[in-house]
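These are the structures in question, set out in turn.
Both complexes shown next keep chain A, but they swap its partner, so chain B is in the first and chain C is in the second.
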Partner chain A sequence: MRIQLKNLSKQYQDTEVLTNINTEIREGEFFVLVGPSGSGKSTLLRMIAGLIPTTSGQIYFDDQDVTNDSPKDRHLAMVFQNYALLPFLSVQDNIRFGIRNLGLSKTEEEARIFEALNMVHLLPQRHRKPKALSGGQQQRVALARAIATKAPLVLMDEPLSNLDAQLRSEMRQEIVRLHKEIGMTLIYVTHDQVEAMTMGDRVMVLNDRQIQQVGTPLELYNRPKNAFVGEFIGSPRMNIIDVQVDETGQSIQLPFKQKNGVSMAYHLTEAIPSGRYRLGIRPEDLQVSFVDQGSHKQIMPVKIEAVANLGKEAVLTVTNSDSNLVVNCKTQVDSDCRQAFVKLPSIVDQLHLFEAEHGNTVDLSDKIAAEQRGVIDAIS
Partner chain B sequence: MTWLKTINRYFWLIFLAVITIAPILLGVWASLLPTADIAAGNFMSTHISLANYIGAIQTTPVLRYITNSFVTSTLITLGELVFCTLAAYVFVFIDFRCKKQLFFVFLITMMLPFEAQIIPNFQTIRSFGWLNSYAGLTIPFFASAFGVFMLRQAFLKIPSELQEYSEILGMNHTRFLMGIVLPYSRSTIVTFVIYMFLTHWNAYLWPLITTFTDAYRPTQVGLKQLQAEDTFSNWGVIMATAILILIPTLIVLIIGQRYFKKGLNVGGAKG
Partner chain C sequence: MQSRKTATLHTPNIKLTAVKSKLNLRQNSKSALWFLAPSLIILLIFTFYPMVVTVINSLFATNVRGENARFVGLANYVQIFKDPVFIKSLGHTFAYVFITSILTIIVALLLARLVTQRIKGQAFFRTAFASTMGISAAVASILFLFLFNPSVGLVVTFLKAIGAKQTNLLVSPTGAMFILILSSVWMGLGFAFLNLLGALQSVPESYYEVAEIAGWSNWMQTWKITVPMISPTLFFLFVVEIIGKFKTFTAVDLITGGGPDNNTNFVAYKIYQDAFASHNFGIASSEAIVLTIVIAIATWIQFRYTERSVFYK
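What follows is the complex of A and B.
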C-alpha cells in the first residue's frame, strides 16, 4: 500500500505537536520514523492508524482519502511497544482474537494461525499463556498476530524498546526478514538511530514538530540536511565545533592549535558569508596516532580525557585548547595513555558545515576548485 | 539463629491463630452439647450429638433465613457488579468534561457513613412501598462508590495500547468491555464478588429496620430474633444455627480463594 501524507498537522489545545508533514511512503517499503522522545513520531503513527484525529491535512492510502476513516476501515495491523497481548488468552487464541473480525472460515483461520506462528518459530509454544513466554517471544506473538491479519500495512511502535540489547539485535533481523518474506508496507517508529539505520529502506527523521530529513540511511549519514540529523544519526555522535569564517569568507577558523601554537583553519576556494558556523566532524573521520610526527598542518596534539575501550576499537574523549572532541580509534588504547595526535579530515565529504542559527547544512562541495574536489587544505 | 527465628515466628503465628479461631471452635463445641449442659456450665460434657442441628432446622426458620440472605446477597452482588463496572468503565475509558470533579464527588460519598444514609434511604424505600421486600433489601446497594473506585483502579491498570488495539479491530465499547476489560481484570472481579457477597451476607442494620417478617429476614437479623423469641434461650440451638449460617460464607471463601489465586496468576502482564 502506498501512503501519502499531505500538510498533516496536529494540535492539542494551544500546543502544536506536528507541523506540515508532507511525505510519501512507497508500496512495500520499510519506512522508519525516528526522532527523540517528544518529537511527535508516535503521534504521527497513530494519526496514520486513525487512532488520533488529524487537526489539518490529509492522509491517502493508494490515492484514497482515509483522513476521516476509522482505524478498522483502514485495514492495517499494529504492533505495540508493550506487545498489547491479552494475558488471559493462549498464544494461538491471541492470534485468533486478532483475525476473528475478518469473517474467515474456520479452516482458513486455523491455517493463518499456523502459518503466522510458524513464521515466528513459536508453534511449540502455541498453547502457552503470554506470561509463560520471554519478552522476545511475547513480541514475536505480537508480530504473528499482525502477520496473520495479512494487512497490506503494518505499523510498529517501538516494538523492541522493552527488550535487552542482545535480543534487540536478534529481533531486528527477524523483523527485516519477515518484511522481506511478506512484502507488506511497514512503518516503524523508533527513537534508536541504530534501528533506523540497520532496518529501514528509508528513514524519516522527526524533531521539533517537523520533518528534518527523509532519505536512505546512507543519505542521512553522508549528507545530513542539518546539524540535528548530523548529530542524531551515527554513533558515537558527530562532533559539533563552533567555528568562525573570517572576513574573506574563505577561511574556516578552528578553535584548535597545532604543536607550534598556530591556529588551524580550513581554506575554501569560493567565499561564503563570514560569521559564526558550526562544523560537524564524525569521530570515525578523525585519525589518532600516538607517535609525534612533527608539525603537520592537519595534525594537532591532544590531551586524552577519557578512554572507552570497546574491544576492537576505542572511543577517546580528547581536548585541544579547551575544545572537546570525541575520536574513534580503530585499535585498543591503553587507558593510562594521556597524549595523542589527531589528524583532521581533508576530504570534503567528511566535513559538515552548518549555519550557526538554524543548523542548516552549507554545501561545501562546490566551494572547492574542480581540480581539488574532495580535498581541502588545513593550513597554518 | 535461623531456627530460633523460625520457632519464634511459628510461636506467634500459632498463638494468633488460636486467638482468632477460638470463638469459632468454642461455638462448634457448644453447638454439639445439650442446652442443659451449657446452662450448667458443664463444657466438659460428653453428651455430644447433632441434636441441636436437627432441632435448629426443624424448629427455627434458619433455612428460610439462609435462603433470604443468599437471595439478597446474590442480587446485590450482581447489581453492584453491573452498575459499578459500567460506571468505572466510563470513568476510565471515556473522556468527558468534569470527569475528575465528578469522580471526586463519587469519592466524597464514601466518606458519608452508612448510618447517616439510613433515614433518607428508609423514607425513600417506604414511599416506594418496598419495605419488607427483596427490592427494599437489595436496590439501595446496587451502586457503591467503593465498588466503582475498586474497579476503576483495576481498569486503570489496563494498558492504553489494548484500547487502541481494540479500536484497530473495530470493537465497540460493549465488546471491548466484555472481551478485554473484564477478562483482564478477572482477579479484581473475583475479589470484588467475594467482598461484596460477604459484606451483604453479614448485613445487619438495614435488614433489621426494613424487614418485619421471617419471609424476608436474612440470617444475622434472624439469629438475633431467635435469641429474643426463645424465652428460655436455647443456646445449643442458637449455636447450631450460627454455625449453619457460617457454612455458606466458608464455601464462598474457599471456592473464591481458588479463583482468586488463579486470577492473580493471569492478572499481571510484563511491561
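What follows is the complex of A and C.
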C-alpha cells in the first residue's frame, strides 16, 4: 500500500505536536520514523492508524482519502512496544482476537493462525499464556498477530525497546526477514538511530514537530540536511564545533591550535558569508596517532580526558584549547594514556558545515574549484 | 526438629515456598510471637472471647435480668427458625444484600469508566465520587432521612411536584426498602469507585488500541478486555460488599427502625433488638451465630464458584 501524508498537523489544545508533515511512503517499503522522545513520531503513527484524529491535513492510502476513517476500515495491523497481548488469552487466542472481525471462515482462521505462528517459530507454544513466554517470544506473538491479518500495511511502535540488547539485534533481523518474505508496507517507529540505519529502506527523521529529513540511511549519514540530523544519526555522535568564517569568507577558523601554537583553519576556494558557523566532524573521520609528527597544518596535539575501550576499537574524549572532541580510534588504547595527536579530515564529504542559527547545512562541495573537488585544503 | 523438617520437605503437593516459610516460621517462632503479640491480644479480647461467649450464650435460656438462666442446648436455634419474623428478616436481608452489592459495583464501575474517559473536571468528579468514603453511616442516614422526610424532604417535594400520590416512602414496605438500598449504595460507592478506578487505570491503553484496530465495538472491548482485566478487583469487591452489607445496622436503626411491619428488620438489627430491647441474649446470640454461618457460606460460595472466572496477573 502506498501512503501519502499531506500537510498533516496535530494540536492538543494550545500545544502543536506536529506541523505540516508531507511525505510519501512507497508500496512495500520499510519506512522508519526516528526521532528523540517527544518528537511526535508515535503521534504520527497513531494518526496513520486512525487512533488519534488529525487536526488538519489528509492521509491517503493508495490515492484514497482515509483521514476520517475509523482504524478498522483502514485495513492495517499494529505492533506495540508492550506487545499488548491479553494476558488471560493463550497465544493462539491472542492472534484470533486480532482477526476475529475479518469475517473469515473457521478453517481460514485456523489456517492463518497456524501459518503466522509457523512464520515466527512459535507453533509449539500456541496453547501457552503470554506470561509463560520470554520477552522475545511475546514480541514474536505480537508480530504473528499482525501477520495473520494479512494487512497490506503494518505499523510498529518501538517494538524492540523492551528487549535486551542481544535479543534486540536478533529481532531486528527477524523483522527485516518477515518484511522481505511478506512484502507489506511497514512503518516502524523507533528512537534508536541504529535500528533506523540498519533496518529501514528509507528513514524519516522527526524533531521539534517537523520532518528534518527523509532519505536512505546512507543519505542521512553522508549528507545530513542540518545539524540535528548530523548529530542524531551515527554513533558516537558527530562533533559539532563552533567556528568562525573570516571577512574574506574563505577561511573557516577552528578553535584548535597546532603544536607550534598556530590556530587551525580550513580554506575555501569560493567565499561564503562571513560569521559564526557550526562545523560537524564525525568521530570516525578523525585520525588519532600517539606519535609526535611535529607541526603539521592538519595535526593537533590533544589531551585525553576519557578512554572508552570497546575491544577492537576505542572512543576517546580529547581536548585542545579547551574545546572537546570525541574521536574513534581503530585500536585499543591504554587507559592511562594522556597525550595524543589528532588529524583533521581533508575530504570535503567528511566536513559538515551548518548555519549557526538554524543549523541548516551549507553545501561545501561547490565551494571548491573543480580540480580540487573532494579535497579541502587545511592550512595554518 | 531435624526429622520434622525432612518430613515436611518430602510431603508431596506442597509448594517449595510454602515449605520454606513454614520452616522459617518454626525457626523464628519465638521472636515472631513477640511481634504478633499486640494484635493477637487485641484479637483475643475483642474477637475470639466475644465469639466464644456468644456461642455459650446461644445455648442458654435468658432470664428477665438478662442472665444465662439454664442450659437449653439447641432449643434457641429451633425457636428462631420457628419465628416468622426471623425467617422474614433473613429473606429480606438476602434480597437487600444481593441488590445493594450488585448495584453498588455496577454504579461504581460506570462512574469509574466515566472518570477514566477524558472529560473536563475529571479531578473534581474523582474527588466527588470518592467522597462518600469520608462520611459516617450515621451522617448519611440522617441525610437520607431528611431527603425523604414527608413534610420537608427534597425528594418528597419533588415527588409531590410531579404529582405522585404516595409521597411518604417510609410507610410503604417497598419504599422503606428502596430508601435503605439507595442510602447503602450511595455509602458504598466511594470505596468501590476508588478500587475500580485503580483497576481500570492499570489496564494498558494499547489493549484497547489493538481492539480498536481489530474492529471490536466499545461494548465488546468492555466485555473482552476490561472485565477480565479487572476481575480480581470485582471479585474482591463482591466478597467485601456482601460481607459488609450483611452487617448493615446503622441505616436501619436511624432511617426505618426495622419497619414498616418488620419489612426492613434485617438480621443484624433484629439481633440488636432481641439483645438490647428484649434482653433475650440467648435468642440474640443464636441469631448472631446463624448470621455468621450465613456470611461464611456466602463467602465460601463465592470463592468456590465465582473465583474460577477471575484472572490473576
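Basically, the second predicted complex is superposed on the first by the 380 of 380 C-alpha atoms of A that agree within 3 Å, B and C clash if a C-alpha of one lies under 4 Å from a C-alpha of the other, contacts with A are read in each partner's own complex, and residues count from 1 in each chain.
Rule of thumb we're sticking to: a contact is a pair of C-beta atoms (placed from the backbone, for glycine too) under 8 Å apart; a residue touches a chain by one contact, two chains touch by 3 or more.
All of these numbers come straight from a predicted model, not from anything done at the bench.
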Review point. Chain B versus chain C on the shared chain A, clash or fit?
Key: clash
Point to revise | Partner chain(s) touched by A:130 [first = chain B, second = chain C, both, neither] | key: first
Point to revise | chain B versus chain C as contact partner of A:72, first or second or both or neither | key: both
**Study point:** chain B versus chain C as contact partner of A:138, first or second or both or neither
**Key:** first
Practice item. Would you check which partner chain A:106 touches, where first means chain B only, second means chain C only, and both and neither mean what they say? Key: neither
Exercise for review: Applying the touch criterion given at the start, work out whether A:312 contacts chain B, chain C, both or neither, answering first, second, both or neither.
Suggested key: neither
Practice item. Report for A:162: first if it touches chain B alone, second if chain C alone, otherwise both or neither. Key: first
**Study point:** Segment of chain C intruding into chain B (one of 7-15, 151-159 or 169-177)
**Key:** 169-177
Check your understanding: Between chain B and chain C, which residues of chain A are contacted by each of them?
Key -> 46, 49-51, 70-72, 76-78, 80-82, 84, 86-88, 97-98, 100-101, 131
Review point. Can you list the chain A residues touching chain B in their complex?
Key: 46, 49-51, 70-73, 76-78, 80-89, 97-98, 100-101, 129-131, 135, 138, 162
Revision key, fill the gap. Within the complex, chain A is touched by chain C residues 204, 206-207, 209-216, 224-225, 228-229, 311, 313
Review point. Contact residues on chain B for chain A in the complex?
Key: 159, 161-162, 164-165, 167-171, 179-180, 183-184, 186, 265-271
Study note, to complete from the structure: Listed in rising order, chain A residues that touch chain C in their complex are 46, 49-51, 70-72, 76-78, 80-82, 84, 86-88, 97-102, 131, 145, 149
